[in-house]
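Heads up, the next two complexes both have chain A, just with different partners, chain B and then chain C.
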Partner chain A sequence: MTWQLFSLLVQASGMTILISTISILVGLGVAILLSAARLSHLRVLHGFTALFISFFRGVPLLVQLLLLFNLLPALGISLSGFATAIIGLSLCTAAYQAENLRGGFDAVPKGLIESADMAGFSPAQTFLRIRIPIALRLTFPALVNEAILILKASSLVSVVGVIELTRMAQNLSASTFMPVEIFASAGLIYLVINQVVAAIGRYAERRLPGMGQAAR
Partner chain B sequence: MTRPTPAISVVNVSKSFGQTEVLHDISLDIPAGQVSCLIGPSGSGKSTLLRCIAFLEETTSGRILIEGQPLGFSEQDSGYRARQSRAQTRAVRANIGMVFQQFNLWPHMTALGNVSAALKVVRKLPKAEAEARAMAQLTKVGLAERAHHYPSQLSGGQQQRVAIARALALEPKIMLFDEPTSALDPELTGEVLTVMRTLAAEGMTMVVVTHEIGFAASVGTQINFLDQGRLLFSGPPEEVFRKPRPQRLEQFLDTYIDRGASMLA
Partner chain C sequence: MNFDIGVILAKGPQILSGLGVTVLIWIAGTFLAAALGFVIATARHYGGPLIGAVLAIPVEVLRGTPFLVQIFLLYFGGPYIGITLDPIPAGLLGLSVYGAAYYAEIFRAGYQSVPPGHVEAADCLGFSRGQTVLRILLPEMALIVLPPSVNMAIILLKETALLSLITVPEMTLTVQAIGSQQYAFLESLVVLALVYWALVELAGTLGRLAERYFSRYRLALK
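Our next item is the complex of A and B:
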């Protein structure tokens, strides 16, 4: 195991971090839209979100990725492996994040909505200014947890041809015949990244105003 | 000569939750500038009446008029009630500020953020102006130094004063209070009642659900006694508290006698 090999792994982990970060953020956006749909008065939207969530939580991510990878070209849409990976991971994490957020939205005390109502906020303003910030704060630990899960699950996007940390490790181990050293190094790099994410999460939890205070 | 329009008219209001009727045919006029206190045993419907006045609850029948304008439902001669548009409801409701027993401050905003939020978001004032106005209200309730504290960093009494400032920032004509001191430790009720006295002295129209009989007797100009969803008594304090009192009121006052009310005994 040389520094050169190790630095190749570290470089590839950049792709892991990039894909995971984009997916978590896109997934959060989609999860918020799903929550809005669930809080709306449109029955159709309720059905759609329920279907969306049960599909993406019920089908293995690997199967989703392979399906997406083969389905899109069949539909005449050609996307890079990178884009396919982002779409797959984002939709999957969106379903889980929507479930997490549901608990947060449900835990926003009714009185806080009523005081927004009395202050003249429209339902959309209340959603943006009151419900979302409070629900996000309440479910922030779950979001950090989900980020860690997605960082690990991103190893699956190697099947759509993206060279990230796991795929690089596979390639290197095939060419160097040092699988133990290489996969141990890859594991170590995942561990370090996730420790950093967890630390950032703990820091933010301490610093975010009103964190954990919404549910009196 | 017509009589001036009352700030609030409650006209034949009944309210049921499912099968249980909690307000029975209540009619009440509250003229501008009055401090109207709602007293009565727990569960008698005080909060429900206040919430109906604010249209946080829909009445089952009857009408609520704010400054002569219907709130929640539009007037129909046929007796059929049509739900107002959101915009109409919001316009009429802009006359009303509300203070809740549990303060209901938004925990992710500072005191200043709470007080200025609606000025920015709803009234669309520039940030600097909204915050200057919010600061003026915080100063009024004696909390200028706490402007940058979050609700979790404030005592209950301070939180309730911020909540009052938040309502006042929108310059309502009417302030509704639902047991504003009931969630507070006894030593913190004074600071909130003081702010309310000042407000009353300035001529604000106030409706106050309270168990502070002393406050009701000294600041109230109209006392309404609710019992089992019925308005048993409504009148100026000297009339309501004059002996001999109706039996139900006597019983109620016996239970809620406090330092302030002992002067009535």
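Our next item is the complex of A and C:
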């Protein structure tokens, strides 16, 4: 295991971090939309969100990615592997994040929503200014957890040809016949990234306003 | 676009054999993972600070790295360090060890959730440590660890799909092979997704039924 091989792995981990970060943020946006749909008064939307969440949580991510990579071209949509990987990871994490956010939205004190009503907030304003900030604050630890899960799950996009950390490790392992050193190094890099994310999460959790303040 | 799901369904027996491998590896893997996880959690609980700190390392490493990298290391790297396994044993070992790290954390939380007063009471009544674990800690933990254990079992069910990448002849590999023989990739993947979805929903429903059944003992805890 030379320093050169290791640095190739570290470079490829940039792609892992990039794909994961974009997917988590896009997934959070979709999860907020799903939560809005669930809080709306339209029955059709409730059914749709339930089905969406059940499907993306019920099918292995590998199968979802393979399906997406075959489905989009069949529908005449041609996107790069990178874009398709992000769509796949985002939809999957959106379902999990929506499930996490559900707890947060349920825990928003009723009194706050009633006072917003009394103060003349429209339902949209109440959602944007009261419900979302409190639900996000309450579920912040779950978001950090989900970020770590997605960093690990992003290894699956190697299967559909995106050159990230796991795919680079596979390529190097095939060309150097050093699978032990290379996969162990890849694992070490994932471990370091995840520890850093967890540490940032713990730091942010301490620095963010406490729930007492946020709910007041 | 030509979409004919019939060509996949015509291969029903092959799909069922893949499904059988998936279910067997899943159940055996979950059982072994829970057993190993319980041993790790128990050793960490009673083993003192040194054993606790030593056992925390593999648990953190297994929880902090992707399952895919772990099975690649085991299956492709194993032969270089004297571990040569066929796909199915390698898959089963990989799944069990990976799951064990998560079950160790679940049982650790379980141990911590039992009120110390109950253990002290058992001590006062002259229970041996083994009796305390079997008669006090385990029954009380069971209620607390059941929901996360079911959750983890479902996660492991979905992780078995990755074993197709180390050529374990489970459902994902089988159905994909049918898809390429019949030149019907999309159809094969739709069938695959639907079968997994049904399986996960079924497992989730059974888990909820079990939780409801065991919740009758909750009152006894107070």
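Just so it is clear, the second predicted complex is superposed on the first by the 209 of 216 C-alpha atoms of A that agree within 3 Å, B and C clash if a C-alpha of one lies under 4 Å from a C-alpha of the other, contacts with A are read in each partner's own complex, and residues count from 1 in each chain.
Note that contacts are C-beta pairs under 8 Å (C-beta built on N, C-alpha and C of every residue); 3 or more make two chains touch, one makes a residue touch a chain.
Note that this is a predicted model, so its numbers are computed, not measured.
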| task | Answer with first, second, both or neither: which of chain B and chain C does A:Asn145 touch in the superposed model? | result | neither
| message | Contacts for A:Thr21 in the overlay, against chain B (first) and chain C (second): which applies, first, second, both or neither? | response | neither
| query | Between chain B (first) and chain C (second), which, if any, makes contact with A:Ser40: first, second, both or neither? | reply | neither
| Thinking of the overlay built on chain A, is A:Arg129 touched by chain B (first), by chain C (second), by both, or by neither? | first
| field | Partner chain in contact with A:Gly111 - chain B first, chain C second, else both or neither | value | first
| chain C versus chain B, contacts on chain A by residue | C
| chain A - residues contacting chain B, complex | 109, 111-112, 114-122, 125, 129-130, 133-134, 137, 208-210, 213-214, 216
| Contact residues on chain A for chain C in the complex? | 54-55, 57-64, 66-67, 70-71, 74-75, 148, 152-153, 155-156, 158-159, 166, 169-170, 173, 178-180, 183-184, 186-187, 190-191, 194-195
| message | Under the definition above, what is the set of chain C residues touching chain A in their complex? | response | 1, 60-61, 64-70, 72-73, 76-77, 80-81, 158-162, 164-165, 172, 176, 185-186, 189-190, 192-193, 196-197, 200-201, 204
| Of all residues in chain B, which touch chain A in the complex? | 54, 56, 86, 90, 93-94, 96-98, 100, 102, 104-110, 117-118, 121-123, 150-152, 163, 166-167, 170
